[in-house]
Amino acid sequence: MKHMAAMTNTIEYTVRVQEEDFNVSKETELLTQDRKDIGAIVTFTGLCRDEGGTLEALELEHYPGMAEAQISRFAQQAVERWPLTGLTVIHRFGKIPPGENIVLVIATSPHRRAAFEAADFLMDFLKTQAPFWKKEHLKNASEGSWVEAKTIDDKDAERWNKNAPA
Amino acid sequence: MKHMAAMTNTIEYTVRVQEEDFNVSKETELLTQDRKDIGAIVTFTGLCRDEGGTLEALELEHYPGMAEAQISRFAQQAVERWPLTGLTVIHRFGKIPPGENIVLVIATSPHRRAAFEAADFLMDFLKTQAPFWKKEHLKNASEGSWVEAKTIDDKDAERWNKNAPA
Amino acid sequence: MKVRYFAWLRERTGTSQETLDLPETVKTTGDLMNWLAARDEGYAFAFEQPDTIRIAVNQEHVDTDFVLTGTEEVAFFPPMTGG
Amino acid sequence: MKVRYFAWLRERTGTSQETLDLPETVKTTGDLMNWLAARDEGYAFAFEQPDTIRIAVNQEHVDTDFVLTGTEEVAFFPPMTGG
């Protein structure tokens, strides 16, 4: 899903919600090819941990349509708030075994702080505001259990209301 | 240059100062292969900007020996301060044309905030504490000019004294 | 009106989505939760702790006092755990 | 003692490194800067604004009051601009 931002001053960004895996270097290349005005690339990749070998897989359920819309809303906020040259957000759904990718944010900018903050901001809101739910399937349990939301994630997201970026 | 941290609780990290380019996905692969305990990978890549087409190249001078030692000092601080599973810092020297890589930081961790903060921390200290100096060679100037240090970079580095990480 | 359930709300109601004709007494999202909770044991279990449930109307977050007039799709789900 | 110069200090002194025998009056890094500044016009230019110059002794940052006893290598350079 490709979005063209409405304001002329802000950039195009890419938001995808998909079952298949993504390739970080390929997605980075799409944001950097043929341009020489980028000073900073920050990539965040979220992976499925095996929780000390106990996890069989994570199952990610999502709300199709609303997931893309919510991520796009925060991507739009990011491109309006920071001077980015590129922004890509990809979130997977379905059954994901340990070691595999779950989520990717890439932010590029002339300036390192903008790239760091935009990627950090998007991850905080993906955690708390995007309609995805994780179910843990453990190796020694017949039934999976839903991961509970963490207060710390809400607190992380609140940082962006209090502090205006530099 | 490969360092084994002295304390048993902290991890091995990699620091390299080199003239040749680096490959982000190859360096990431070295930190992630054969392990399933990583929940977050943050990569920061710093590139040479063309400054609106005016820049011919950046020339990076460094203090051999001290450059590696200073970066290693901050890498050691990072692995002691955050629960990282991997950390790689690479800084290039020599003449670098627009669009090419200058610096790479990769931090991996079970937790996203640790990976973000460690990469951010290292970049702030590389900017202000590692003995590298940039000279700009402009297309329409016969002589290069030394880039001046920015107060904002010092302020960024000071953040890490005031705020203890979560 | 289309009503959707996700995660443990889907499992407890045994329903991922359904189309319902609502009585006139159901005016807000909060009314709808109470009405659904009274349908059967599964729904009662799903809605037993209404404070933990998030609501979206036409794919945007709303509160329990949201008036349903003109609503095409309501969704109920637990706090989100993406990323 | 080995003395090294980087960036515009190297250019202004015309020297990247040299080995110097210091007079006994030069006891600290600050004394050394003053002594070097008096050598010739290039050195005077290099050290004309001592506040902007950073100093390393044996590859660690030090101040102008650092006592040089036992020092093998001193380096002078502008504020760093890496990263």
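Going in written order, the chains are labelled A, B, C and D, and every chain counts its residues from 1.
By definition in this document, a contact is a pair of C-beta atoms (placed from the backbone, for glycine too) under 8 Å apart; a residue touches a chain by one contact, two chains touch by 3 or more.
Remember, predicted model here, so these are calculated numbers, not experimental data.
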**OP:** Enumerate, in label order, the chains that touch chain B and chain C alike.
**Re:** A
**OP:** Using mean C-alpha positions as chain centres, tell me how far chain B is from chain D in Å, no decimals.
**Re:** 27
**OP:** Express in whole angstrom the distance between the two chain centres, defined as the mean CA positions of chain A and chain D.
**Re:** 48
Subject >> chain A-chain B separation of Cα centroids, rounded to whole Å >> reply: 23
Subject >> Residue list for chain C, restricted to those that touch at least two other chains >> reply: 83
Subject >> Multi-chain contact sites of chain A, meaning residues that touch two or more partners >> reply: 46, 112, 123
**OP:** So, with touch as defined above, which chain pairs make the list?
**Re:** A-B, A-C, B-D
Original post:
What residues of chain B sit close enough to touch chain D in their complex?
Top reply: 46, 60-63, 65-67, 69, 91, 102-103, 123, 126-135, 146-149, 153
**OP:** In the complex, go through chain C and note every residue touching chain A.
**Re:** 4, 6-8, 10, 56, 59-61, 75, 77-83
**OP:** Enumerate the contact residues on chain A facing chain B in the complex.
**Re:** 24-25, 28, 32, 35-50, 52, 98-99, 110, 112-113, 115-116, 119-120, 123, 152, 156, 166
